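Same chain, two partners: chain A is paired with chain B first, then with chain C.
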Partner chain A sequence: MTVLAPTESPRQRPAPDRKPSRRRPARRMSPLLVAFVLVPFAVESIWVFWPALQGFYFSLTRWDGLEPPQFIGLDNYAEMAGDSVFRGALLNTVIWLLLFGGLSVVGGFGMALLLQKERRGIGFYRAALFTPVVFSLVVTGLVWRVFYQPDGLADQVLRTIGLEHLIRPWLADPQTALYAVILPALWRQIGYVMVLYLAGLKAIDPALHEAARVDGANGWQRLWNVTVPQLRGVNAVVLSVIVIDSLRSFDIVWALTRGGPYHSSELLSTYMYSTAFQSLRLGYGSAIAVVIFGLALAVILGYLVRAFRED
Partner chain B sequence: MSDFDPGRRRFLGHLGLAGLGALGMGGLVGCASSASTSSGGGGSDGPVAVQSNLSSPQAKAAMEKIIETFNKQGKGSATLNTIAAETYRTQLPTYLTSANPPDLYTWYAGSVADDYASKGLLLDVSDVWQGLADYPEALRTISTDASGKQVFVPMTNYWWGFFYRKSNFARWNVQEPKNWTDFVALCQTLKGKGIPPIGIGLGDTPWVASAWFDYLNIRINGAPFHRELLAGKQRFDDPKVKAVFTRWREVLPYFDPKGKAYPFQEATAALLAGKTGMFLIGTFFADAAPKDALGDLDFFRFPIIDPAVPVAEEGPTDGFFASAKTGNPTGTKALLSHLASVEAQEEYIRHSSGIVLPANPKAKAADSPLVAKGKAMLESAQELTQFFNRDSSDALQPTADTALTKFMDKPDQIDAILREWQAGAEKVFKG
Partner chain C sequence: MIRKLRTGGFHLGMSLVALLWLGPILWVVSMSLRSFDDIAANGVGSLPHSFTLDTYRQAWTDGGQMRALVNSMLVTVPSVLLSLALAAVAAFALARFRIPGRRTILLLMLAGNLLPPQILLIPVNKFSELIGLYDTLWALIAVQVGFGLGFYTFVLHGFMRDLPGEIQEAAMIDGAGPGQIFGRVILPLTRPALAALGALSFTWIFNDLLWAITVLRTDDRMPVTPALLGLQGQFVSSWNVIAAGTVIAAVPTVLVFLRFQRHFVSGLAIGAVK
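Entry: the complex of A and B
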């Protein structure tokens, strides 16, 4: 690969038998630049690519982490097909993707629209909404646990407004556990999505809005026909972030319910963790990890392909 | 010894685990397969490397003292490496299987030690046991692996029981029950006074429910059946296991309904505040109790259900085992002998915060009526069990957590729950 040959100094370059071409400057990569590519690549290979490949291999084995892995073909995947806990976790992950993903986009975009105009004190509101992003998720988990605990703030609020009959052990009731966990996750994510959309909104040329206004478009029309189409680039980023965040959502669930009670708030990520590191079935855990990887890839590729086609 | 407790390790550790979520899929395996550890043991003459999960401040200080004393005696030298409990739990297999492992480890007696021994990872410490002739037979049994050699040296144990406040029992005008009928009657009385009779904390610590399962099973079916069940030699969908839940159902209405939402530490607070009547728990719960409440605490043993079944008690035992690959077996065994000595164990008892009993029968336990009563109870028991995860494995514990919390929520579905439990257990045993 001459392109990457770092030892060749530019001086030696104009070889007599080669015609100088326009592309030449691109071929003369500085050794520093090459290092910037190769070093991270090498590090990634060791810490990311190789373990990921190993993960695929481990998903075909039975392994307790102590004795050498034992190759069992696709048995783990066959088991997964008949595993009701896995199915529940998959369903919960889809619910999570739709609810957490959908609501954080709607909420984040809504907040960005509300807070985009520069006004006195607007910075305070933006900061207030962004604050949850700053807290460590473990702290978030602890705070919300206090909120949900028996006779905690949630129960007190319900009692004050006369809805005592709704009170239940929020995190310990299989009916409510998953939704009770989605709420703090949303509380956190909305601020983050808001910032992404704020940046996008700032980048829209005000002249477009002016022109639309001159043409007699009302607020809704301007939103749908000017703002939204201009945000396509941001949407792609937000979607990728949301999908990845949904599929790797683990911390908040683990901190609040640990997938319980009896798997009712289990996500694929928590199930992967508990099978691998609590039940010490690392082969099966790896197989679940492969499924998560596949899901993330499918959703993101699916979107990107569509986005490119539209362009 | 409270610091060893599985659930608390889990509870604290899981706070730290949040970070693992970010590891993603590649990280899963990358983490699990990293077989190297920096804390390898020394050469044949180097100091004995001790890997300890006793990370609470008092326990850590106590261990440091004991190692210091050992180093001064001149029989060898040792270094102590204390690791956060949850990290320790997940890393222990890695330590043991690494090429240059640390020499000595804190861990549990019984099935968990035997499991490592069966894979050839533990040092035969039968020589050390020759010096421990006065240790009780029960401790020797749980320190012996399937092939008949000793692989474990116990340091302390603790007991489980129904804890209550003496002043509250006096105020409610009730006494300790002697058998199951008394117990149910006591529950009825307390409920009649508007007190939730039985406290429990399953919110973050669902494993606490396993104590109920263990005790009902050893009271109804006996300790040998219990051990066989936990070793995979009996089935969870056996009618004998179902009988356990039939009994349990009799007292389900007396459980504190809030108990499923909060962890055992809060259940402790509820008990101390008189919001629940009694609480089946191990002595480690007292760590979270204010000192002035300790004098007011008392306990009674899990009520006898079938007088024909020999009485067994849960007496989880903590101590040490050594790596088979240690470069310094002589030094390691010298240190083990020291750890088994009266002097070292009394030193540990003096410094540790919980209510624990020394394993050495000659070592003096802490001087309190509660400790004396606990000691007497364990000594009078015909059999000792450890605890669900210690008699089986950490890997089986999640299956129990799921089955038992579900049962407490939906007792009608017991047949389906037991079928699922058996299926889950089979997967764990299969690997």
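Entry: the complex of A and C
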């Protein structure tokens, strides 16, 4: 799922036309309109808002799912501080955020720059990069499982280029498992980020580039001084998408390693799931979920505050 | 001359990238068409020495992929239709009428969608048990609709808000109520946005794993993604059957993508352009 900003492009926003709300009919509210808003809102409240509030409460309890939850204050959070698996999962999540997030921005932006100009064959390259976005992460995971098999494509390639000594059980080696999972996640995300940047690049007024060219700016200068600043809105969207996707990342890990071996590829999301639904420690699982929530909020707010200050 | 070289270099580089991206997919398709003996004799990394469709039969019937596909469709289609319908009416009321607090409601609905789902898993799991929907497809439909609504409402709101006000006024002068304005005037104009969101949400809901394993337990009721993981346990080293199951699980979203390609891509890009 994605984050969003209003759907119109800047050029379609002629100022005088922006006051239709005044002309918009302000008649009495019909019951139908009230229902139009209240029914969807109620559905979301039942399945999202109310559960979210409960989630915070459950994080303050000890609960096995059978007996009623027992209030224990902040004990779960205190326990977390001494839980080495939690710390490992937290560290892995940060690595995931930086590596998966950073590389998908770099890769997606780079590909968008390369593929922005319409020319022969460009449609095919875009489509190739974009194809994995259509697959589920489980399908992606299984595709790459075949790839990582002993004697699979990965090993075959290494053997062909004479790097046989590097061959190892990629997903079963605690040293490589996390990175072996990040790679397919990136494979899928780069195409997605590319689409976002392609849309952003298309919305930049060509006159700006023209003006810079007339002023004698070379390609790099135009990139840094025209393109990049114009993409600030897209950057905010991409950042939110990536933070949220990183913290949500679950499917790909579950399909490839389930967090193993020895928790070496454990993320907060997989640890939360196994703690809650396999160890049946629902209170502790809820506390991990609250940490995930806090991380998402901190990163996004931190970025937004900075972005606003720059304005 | 330099220009030609640069063009050649570009195509060479991009062909390599394209191969990197498409290679693993082609690899899995080719593996799904190989016999078990071929793989046992030549290894998973070799080129095919055999051709069989029996892998698909095994995945489809013995592996339960057919039932899983039916389950997935039973969840995905109603979820997409219902969430778009609810989001459309909410967006219509919020965008076209001066409902008190409409901005707050809209942002609240969007914020609900931005929550990391982990915080909802345990409460949703318990709530579905409480109301007797646990382990039914109904629970999965309900949670998919509830969780997607905020985002769809937000997108449709942005779209409907930008439709000109005059057409609505004309309809009102003719005596049309909100229901008629919605059905006859606004909804038909919102079709491109609905198509984009429909294509996107189809793939999201169809591809979901986390919600499915949160509200479902019985293998027979699992949709395609968890069933695919189950297939892996069932056909441990039969990589050809697992590959066939993977292809089966990917086909519906690929079809939707091919059919709605333009809408799909524009849907993903919604919002990138501020």
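By definition in this document, the second predicted complex is superposed on the first by the 274 of 311 C-alpha atoms of A that agree within 3 Å, B and C clash if a C-alpha of one lies under 4 Å from a C-alpha of the other, contacts with A are read in each partner's own complex, and residues count from 1 in each chain.
As a convention for this text, contacts are C-beta pairs under 8 Å (C-beta built on N, C-alpha and C of every residue); 3 or more make two chains touch, one makes a residue touch a chain.
All values derive from a computational prediction rather than experimental measurement.
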Could you tell me if A:V143 is touching chain B, chain C, both of them or neither one (first, second, both, neither)? second
Looking at chain A, does chain B or chain C touch a larger number of its residues? C
Which of the two partners, first being chain B and second being chain C, lies in contact with A:A203: first, second, both, or neither? second
Looking at the overlay, does A:L183 come into contact with chain B only (first), chain C only (second), both, or neither? neither
Under the stated touch criterion, which partner chain does A:M80 make contact with: chain B (first), chain C (second), both, or neither? neither
Once the shared chain is lined up, is A:V43 touching chain B (first), chain C (second), both, or neither of them? second
Using the touch definition from the top, say if A:P261 reaches chain B (first), chain C (second), both or neither. first
When the two structures are overlaid on chain A, which partner does A:V234 contact: first (chain B), second (chain C), both, or neither? second
Which partner chains sit in contact with A:L97 here, chain B, chain C, both or neither? Use first/second/both/neither. neither
Quick check for you: in the superposed arrangement, does A:G191 touch first (chain B), second (chain C), both or neither? second
On chain A, the footprints of chain B and chain C overlap at residues 47-49, 51-52, 54-55, 58, 65, 136-138, 149, 151, 248, 250-251, 254-255, 269, 272-273, 276-277, 282, 285-286, 289-290, 292-293
For the complex, which residues does chain A have touching chain B? 47-49, 51-52, 54-55, 58, 62-67, 79, 84, 136-138, 141, 148-151, 169-172, 174, 248-251, 254-255, 258, 260-263, 269, 272-274, 276-282, 284-286, 289-290, 292-293
Going by the contact rule set out above, which residues of chain B touch chain A in the complex? 14-15, 17-22, 24-30, 32-33, 90, 93-94, 96-97, 119, 121, 202-204, 206, 257-258, 260-262, 266, 393-399, 401-403, 405-406, 409, 420, 427-428, 430-431
For the complex, give me every residue of chain C touching chain A. 10-11, 14, 17-18, 21-25, 27-28, 31, 43-45, 86-87, 89-90, 92-94, 96-99, 102, 105, 108-110, 112-127, 142-143, 145-151, 153-155, 158-159, 162, 164-165, 168-169, 172, 177-179, 182, 193, 203-204, 206-210, 213-214, 224-226, 228-229, 232, 239, 242-243, 245-246, 249-250, 253-254, 257, 265, 268-274
Under the stated contact criterion, what part of chain A meets chain C in this complex? 1-10, 12, 20-21, 23-26, 29-30, 32-33, 36-37, 39-41, 43-44, 46-52, 54-56, 58, 65, 111, 114-115, 121, 124-125, 128-139, 142-147, 149, 151-153, 155-156, 187, 191-192, 195-200, 202-203, 233-234, 236-238, 240, 244, 247-248, 250-251, 254-255, 268-269, 272-273, 276-277, 282, 285-286, 288-290, 292-293, 296
